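Everything below concerns the one structure shown next.
Letters are used for the chains, namely A, B, C, D and E, taken in the order the chains are written, and counting of residues starts over at 1 for each.
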Amino acid sequence: ADDIKMAVTTSFHNSGLADVLLPAAKKDLNLDIYLLIVGTGQALKLGRQGDVDAVLVHARAAEEKFLAGGYATHRREIMYNDFVLIGPKNDPAGIAKAKSAIEAFTDIEKSKSIFVSRGDDSGTNKKELLIWKKAGLDPKKFVGNWYRASGSGMGATLNTGVGMNGYVFTDRASWLNFKNKGDMKLLYAGDPLLFNQYAFLPINSAKYPQVKSDLTKKLEDWLCSPKVQKMIGEYEIAGQQLFTPNAKPK
Amino acid sequence: MNDLSAGVMAAFGLIFNLDHNLVEISLRSLAVTFSAIAIASLIGLPFGAWLAVTRFRYRRVTIAILNALMGLPPVVVGLVLYVLLSRSGPFGVLNLLFTPTAMIIAQTILILPIVASLAHQALRELWFQYHDLLISINTSKWQRMGALLLDGRRSLLTAVLTGFGRGIGEIGAIMIVGGNIDHLTRVLTTAIALEVSKGNFPLAIGLGIVLILLAILINIAIHILSRTEREGTW
Amino acid sequence: MNDLSAGVMAAFGLIFNLDHNLVEISLRSLAVTFSAIAIASLIGLPFGAWLAVTRFRYRRVTIAILNALMGLPPVVVGLVLYVLLSRSGPFGVLNLLFTPTAMIIAQTILILPIVASLAHQALRELWFQYHDLLISINTSKWQRMGALLLDGRRSLLTAVLTGFGRGIGEIGAIMIVGGNIDHLTRVLTTAIALEVSKGNFPLAIGLGIVLILLAILINIAIHILSRTEREGTW
Amino acid sequence: MVTSILPLKLEEATVRKGGSRILGPLDLTLDGEGCTILLGPNGAGKTTLLRLLHGLDRTSGGQARWATPREEAYLRQSFVFQSPVVMRRSVRDNIAYPLLVRGVGRKEARERAVEWIAHVGLAGADDKPAQILSGGEKQKLAIARALIIKPEVLFLDEPAANLDGTSTRDIEALILRAARAGTRIVMATHNFGQARRLADDILFIYRGRIHERGPAKEFFAGPETKEAETFIKGDLLL
Amino acid sequence: MVTSILPLKLEEATVRKGGSRILGPLDLTLDGEGCTILLGPNGAGKTTLLRLLHGLDRTSGGQARWATPREEAYLRQSFVFQSPVVMRRSVRDNIAYPLLVRGVGRKEARERAVEWIAHVGLAGADDKPAQILSGGEKQKLAIARALIIKPEVLFLDEPAANLDGTSTRDIEALILRAARAGTRIVMATHNFGQARRLADDILFIYRGRIHERGPAKEFFAGPETKEAETFIKGDLLL
């Protein structure tokens, strides 16, 4: 069987979708996909170094830069899900009633409730910082000890958040698939601002001849095929749909 | 390769500018590991001596287990400690999770078997020499342990330094119980991991070089202070 | 606490069902670490013996550095190795990145200073006893090293077992150069880290228990086979 | 000393090592005063017997019993080893150590150690690390360390083997003085002259057994067993 | 042996340790045949001198030179230590080791070791771990290990201190036989009888210096220096 290596972000892997897609790819394409589960930054770094054949990430701006550097031949959107705010069940900041993501963030800032940030420059972290910015706030200037940058992956940050009983900004898939929920629950979701697009970027074989372009092409076509798009749409945890496929047919 | 040379440059940059952040996390690294090694030595060295002077039924098994515990996987230690210290755990009321104290506890657990096991190994040879004499003088078990620890202090150094090395470079456990929180529990190793996950390899390598230099400096300092390997010692 | 008991249950479940995945990653863990410890012993034990029998100008500094290298931060080792093995690095053509071979190299680098340093410490005492005799018999340096390694083999065991422990529980380096790829480079520690990041603590703790049991079993087996601590040895 | 730790009684005592019986079975009662010298060929079991008496080796069969409880008995005896064991400390601290173990204060222990350093002829070596002493000097250290606690029973295993003539005489004088002060002496030696000078009675050890026992004068005048006779001749032939 | 490694010449040789001069400066030429015995009080420097001659201690001043290059010289001499050093191996492997070092095959080395085990009277101990031997037995092992390479020069540091009469005689016979076969013997002892039996000439060491040197007969008949006289008296007084 052929094999390729693909770097994916922790949040994608934590969703569990890979456990469905990988066996299907093996069956349909006779292709072994070896996943490297790393942070967004590291995933792109692996791509830049030519050590993987493709990356699947969710950080638009960083992806554009990656493309501009000529590391990938193109960027293909596959699906999206959304980001959510989770927090302690008693919701000390009262974000459950917020009307927008910005309002929810502002509420947290006002109540000085513990907020655990990824703080690792990942796609999720970048989105969070964007929302603070839109709310006119700058985490660097927060006083008091309530805003905590944990500097770790999604799973580790959730563990920390649960341990501290604090709010965490996460993607829906990671949260639904997360086992150590403790006393926490999903408190806010739904703002279009929280839209989270995943894109597939095959590495440029002009830069690294060892890259298996034919296979990444095959994989990309397969991911965007109606059958797989349907599979993605039907993937559920606890009765909730996690991803919305949105690949545009070529 | 560029990353390597960039890393070396980054290390120099950090050191020469005495980067404010670097100083902070380096000091925290040292504080955590020194505390852990102090506690581990206080318990582990006497335990090693005790193992050297005592013959009991399950001694071999105890030693084998102690050896095995030297390889305690940090992630598992961190995880178990997390479960115990978390709010819903039995020691939740102490509010220790995500504090340097929790990191010290984690490192102590990891270092202790190393210190104890290597201390035992070092003192076993000395006990072999002293055995008859100390029994003949009718020393108590405590006095035997005391004599071994005192007269074997030079060879105990390796045990302590090995533990120190293990602690200062450790990440799996302190990441989980410390949480790598900026200005609170971030230390050199967790900072490196963070830079790696950001794909910022030069900075990560730079911090790594600082960490290794720190370890080497401390080792040389301790060797010089304790004058091991002085020509005169044998 | 529930997580702990659930973890114990999970461990039993995994072991008694001889879970297919568990067997695979356990065997890979063992294969990687055994290879690494074999290479590290082949180099480190003779080097430790060499350090014991040789007096040279920078001996103290060398020993101090070797001690310091015992604390090489795994993440940094992994990172540097990654940069070297990466396709755009100098050894990229070998295509070793994300293979068990890369993991073996990483662990060897981590284990080597431990084995060498502890071997030196163990053999130093023996050399102290043998020094006059071996010089008098006019042995070459190689013969001295050989005599120490042969006659001191029992005390070298701790060095090797310490290295083994460090390797089997290690994660920082093999995560980076191995990539924790399912069915290719996933081992016990990286599997545990993955489960932790999923918040699946019972399974993580279960795997951790398996890992620790494995380490203890191997230690006991080796102790029994090599008959250390037999009453007769002293 | 309120009650004596003597007599020490061995009953059918045997010592096995490495699978073979290297001593016994033997019966022996050690009491009264004076100096008992152990004679016998190399490997006969002298060291093993001394170690057994002192409690360093355990009986594999039979028993060894002091008049007082073990604890008590072991506090009031000393042993000088065949090859001297020195601790990695200064000469003074080596000699003071048994006093420290018995609860004497550090200062007093050191003072008394210094006196004993002079007695055994090591004056000036107080602060030397004990490991660098010459063979004979180590032997003297060991004797001082044994005598400093004024033991009720003193075991010596070839204590003068590495000593020069003058030192031997000095040490013998110390041993005799201790004997006269009531210390029971049990000593192994290969030096017949020394045995003649010191012994009140002789234990002739042969192949792990007490082959012959008797007052020194009679033993040297004419031993009862053929083996002892051959043994004495071996020395005379020198 | 094509050329002899002798004479060995010391010129103004001194040995300092721990800051003080413990031997020399002394001049000495060692050549020809026969047996030189080192006499002197404890701590005089006998062991240090032997070690210097053998190349175990370095000169801190002056020099020590063999007739042949160092390499060559060190291959053809042996040393028996004051307290025997045994390797953690069987008796046979201990004795065979110097042969192995000199490139003799394992099988032949073992066979010759077994012969020597018999010569020194350790028959039957071939497979015993050397550490469990008695004091005298270890001394015999050390002598066999020294003689097995048929050394051209043999240094012995109180080799019979722990031996019984018969063993002493046997070992002395071995030493004499080696001497007669051309081995140059240099030996320290505190046993005057032994010195008289073996010595061709005497080196009297006193306070780190060669205080007197002369043929054995003349030395014992009447030494030239007062110190040597006192020393001999010390033994006679015993």
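The working rule: contacts are C-beta pairs under 8 Å (C-beta built on N, C-alpha and C of every residue); 3 or more make two chains touch, one makes a residue touch a chain.
Note that this is a predicted model, so its numbers are computed, not measured.
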Steps in the shortest chain-to-chain touch route ending at chain E and beginning at chain A: 2
Greatest separation from chain D - chain, by CA centre: A
B-D or A-C, whichever has more C-beta pairs in contact: A-C
Whole-Å gap separating chain A and chain C, where each centre is the average of the chain's CA atoms: 35
Euclidean distance of C-alpha centroids - chain C vs chain D, Å: 49
Distance from chain E to chain D - Cα centre to Cα centre, in angstrom: 28
Inter-centroid spacing, chain D versus chain A (mean Cα positions, whole Å): 81
For chain D, residues contacting two or more additional chains: 18
For chain B, residues that touch 2 or more chains besides their own: 88, 176, 193, 196, 201
Chain A: positions in contact with at least two other chains: 153, 156, 159, 162
Pairs of chains satisfying the touch condition: A-B, A-C, B-C, B-D, C-E, D-E
Residue ranges of chain B touching chain D (in the complex, touch as defined): 129-130, 132-133, 135-140, 143, 147, 151-152
Complex contacts: residues of chain E adjacent to chain C: 51, 54-56, 74-75, 78-79, 81, 85, 87-89, 97-98, 101, 129
Chain B partner contacts - residues on chain C that touch it in the complex: 1, 3-4, 59-61, 63-65, 67-76, 79-80, 82-84, 89-90, 114, 117-118, 121-122, 124-125, 128, 131, 155, 158, 161-162, 164-169, 171-172, 176, 188-189, 192-193, 196, 201, 204-205, 208-209, 211-212, 215-216, 218-220, 222-224, 228-229, 234
Complex contacts: residues of chain B adjacent to chain A: 82, 86-88, 97-98, 175-176, 179-182, 184, 186, 190-191, 193-194, 196-201
Complex contacts: residues of chain A adjacent to chain B: 38-46, 48, 116, 119-122, 145, 148-153, 156, 159-160, 162-165, 182-183
